[in-house]
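So, here come the structures, one by one.
Heads up, the next two complexes both have chain A, just with different partners, chain B and then chain C.
Now for the complex of A and B:
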């Protein structure tokens, strides 16, 4: 399986227009104004995908598709969002009742319409026909999104096998409903779509996978460094590489206030890194590093900058080794602002020369969620491509 | 680009979210919101007679060949005005409030033309002037982010900032 930037763009556009069609059908069906927030093309391992579903405690409806394309689509809600959606669809129905059958069947109905519309766009593009299976409602997710389709194309490879996931965040602001629409095509089907986009200088998926591994290692190192410095026992919850329209990068964050650092790195690739903490986590850091002095704003800033330095070098040092290059890091700049507004100037700077971005995002947290640290890295697209070539098996 | 024009048949006045590189027109007095303006510029337009309003969130100043119009300040203002006109606004009555365009970081890539935030503000002023639209209020520049909420009934633009608190333009 090979991938290139042009086919990633095609994927992104198809996924976005499919998601808009799906959002439109929910608007028509239930009178709920639904918007597509961000469309991401993510590269992860099968186990990453499974873990995310398990950890987020999602209610989901799964529909398989086969024919010209094979794979699975999933509509996933938090239990609260599922409840609000059912309430909007069928006011008065108790979505939390013992059997919840009515709620489940109304969610299945919604999924059938939305996911069907989503898949149609891909079928049209490939000029092929795709059938969809009957929806399955999954409440407690011990069976991940890929489990049930082991028989239809995912049976090869272990949990470390890389898959492409198309993730669309949808939102009905008035009803406070948020949900994700996922599409996971089989590796063979990815090949079919790449072929249709007709690019000949594609990179083997292994180089993306190797890069993604490198990002994972960096996040683990950063997590270990936070733990040894602060005594807070952290692990990497998620670490992923995704391909996003540039304006989708700040839109991946909310406007909740975050504290952290922003810095530039230069080399192959160059780009930006933001390391952001929510306010309580920033407090935790300040009090672990400077016990008794955390009330002092200047001291707090210097503690955040210090941890920013540590996390950055933990995160990036491995890149320089793997890519056999030098990556220089600018001094960290302390930020304390609306999360999406912090990332906005970084994305905007890259937007002058690129329409899409590779976004690396990693979350480091404690088991009890009392401490979270999000790392966002935005490498220059052209330079990242060079870096990926360096990681190609043939290189 | 996605245009989320509010469905005028809907009686309730809800909230419409405007993404980044996006704009929307409200003709049913629903509130338009957009979040996370750093160097980006938010342009709120309002016709007080018809209450037709529009909000754009642009990333970069001037459109380039092949560019997505909603991403740039000049082209998104043009689009917004023509959609507002189609929704019943009279351009002669439309007034503007602008917010955003801050310079949060000194990047090494910044050239001699000034920061993107400054250039976004400058292009916005020029474009509005070209259409004869008066800027009646503004909250621009600085080094902090902003989120906006345009009340289409009153034309009030509520600005939220982590640094300077909330204000109404």
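Now for the complex of A and C:
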């Protein structure tokens, strides 16, 4: 299976357009103004997707599709969002009630209409027909969408097998209901879509998978560096490589306040990296690095800059070594703002030369969630393609 | 024997940390925030050892090492950086670095690196 940047653009446009149709369906059904927040095309491992479902305590509705395109779509809500949605559809019905068959039925119907509209866009693009299965409602899903896919005959290999996930965040206008719409096509179906996009110089998916593994290795090194410096025992929760319209990059970040550093890297690839901590985590880091120096704000800022510097090196050195090149890193710039506001100028700069961005997103945390560090890297699209070519098995 | 050490790093935190690690073992005779200051202070203080960060504004550590080595070929410079790229390490060696420690480091790593370069000098 091969992938290329033009195919990814096509995927992204189709997924976004399908998600807009789905949002329109919900507006019509429930009278709730709904819009598509961001559409991402992600290359992750099967275990990443399953971990996300296990950790987020999601209520979901699964629908399979087959014919011209095969795979699975999933509409996933937090229990609170599901409850609000059911309340909007049928006031007085409890979505979390174990006997709430009516609530489950209403969510299944919403998903049926939304996911059906989503799949229609892909079928139209491919000029083919795609059938959808009846919806399955799964409460507190800890098995993930892939189990259902396997049950319908879509065999994935081990947990490290890479899958393409189309992730759309939809949001009601009053922010009361948020949900994700996933589409996981089979590898053969991805090949069908790539073929339809007519790209001749597509790269084997193994190149993207190899890069994705490099990202994961970098995140693990960064986590080890944080632990070594601070004594805080951290692990990598997730690492993702996604393809996002450039205007969607800031929306991929939380609106909560973050503190950390931004650095520019140059080489192959060049780009930007942001190492961001939530405020309590930043305070924890400064205190563990500078015990008894709570009053020295300049020194605490310097400590956060330095750990950002070390984390960045840990993250990028593996890339440079694997690509047999050098990646230069600028001195760290301290940032303290809303997450989206921090990333916005970086995306704006890249927008001068590209419409879409590869967003690399890794989360490092402690088991008790008392410490969280997010790493966002935005490499230049053309240069990342060069790097991916180098990782191609044929190179 | 205590050596005179010049600490070069753009991070105030890292300079402070190195001073703490070296306290009682060696004498930190000066601190520089960038490569230009490092060269000036090297001329002025004539330290036994320089701990040199790589990524710094104004002039980076590899350029500063190269300049210090051209002033004094017997200078002992330990690159002290978070950059672990093999190519960067080669650049540091070509610039004349005598030792290399990677951040994050522990006190024994720093003391051992200083002992190694002093011993090599002797």
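To be clear about the criterion, the second predicted complex is superposed on the first by the 388 of 395 C-alpha atoms of A that agree within 3 Å, B and C clash if a C-alpha of one lies under 4 Å from a C-alpha of the other, contacts with A are read in each partner's own complex, and residues count from 1 in each chain.
To be clear about the criterion, contacts are C-beta pairs under 8 Å (C-beta built on N, C-alpha and C of every residue); 3 or more make two chains touch, one makes a residue touch a chain.
Because the structure is predicted, anything quoted here is derived from the model rather than measured.
Visitor: After the chain A overlay, clash or fit between chain B and chain C?
Guide: Here the two partners, once superposed via chain A, fit next to each other without clashing.
Visitor: Take the Cα centre of chain A as the vertex and report the angle out to the centres of chain B and chain C, nearest 10 degrees.
Guide: Once the two structures are overlaid, it is 90 degrees.
Visitor: Which partner does A:339 contact after superposing on A: first (chain B), second (chain C), both, neither?
Guide: First partner only.
Visitor: Tell me the contact category for A:88 with respect to chain B and chain C: first, second, both or neither.
Guide: In the superposition, A:88 touches no partner, neither chain B nor chain C.
Visitor: Is A:102 in contact with chain B, with chain C, with both, or with neither (first, second, both, neither)?
Guide: In the superposed model, A:102 contacts neither chain B nor chain C.
Visitor: With the two structures laid over each other on chain A, which partner does A:351 touch: chain B (first), chain C (second), both, or neither?
Guide: After superposition on chain A, A:351 lies in contact with chain B alone.
Visitor: After superposing on the shared chain, does chain C or chain B touch more chain A residues?
Guide: B
Visitor: Identify the partner contact of A:247: answer first if only chain B is touched, second if only chain C is, both if each is, neither if none is.
Guide: In the superposed model, A:247 contacts chain B only, not chain C.
Visitor: In the superposed arrangement, does A:327 touch chain B (first), chain C (second), both or neither?
Guide: Touch status of A:327: second partner only.
Visitor: Which value, in Å, gives the least CA distance between chain B and chain C in the superposed three-chain arrangement?
Guide: Least C-alpha distance after superposition: 12 Å.
Visitor: Residue overlap on chain A between the chain B contact set and the chain C contact set?
Guide: The answer is residues 330 of chain A.
Visitor: Please give the residue numbers of chain C that touch chain A in the complex, ascending.
Guide: 10-14, 16-17, 55-57, 81-88, 91, 103-104
Visitor: Which residues of chain A touch chain C in their complex?
Guide: 225, 228-229, 289-290, 298-299, 302-303, 305-306, 309-310, 312-314, 316-317, 320-321, 324-331
Visitor: Would you mind writing out the residues of chain B in touch with chain A in their complex?
Guide: On the chain B side, the touching residues are 2, 4, 6-7, 10, 14-17, 19-22, 33, 35-40, 59-60, 68, 71, 102-105, 107-109, 116-117, 144-147, 160-163.
Visitor: Can you list the chain A residues touching chain B in their complex?
Guide: Going through chain A, the ones touching chain B are 20, 31, 33, 35-37, 171, 173-174, 246-248, 250-251, 253-255, 257, 262, 264, 266, 330, 333, 335-349, 351-352, 355.
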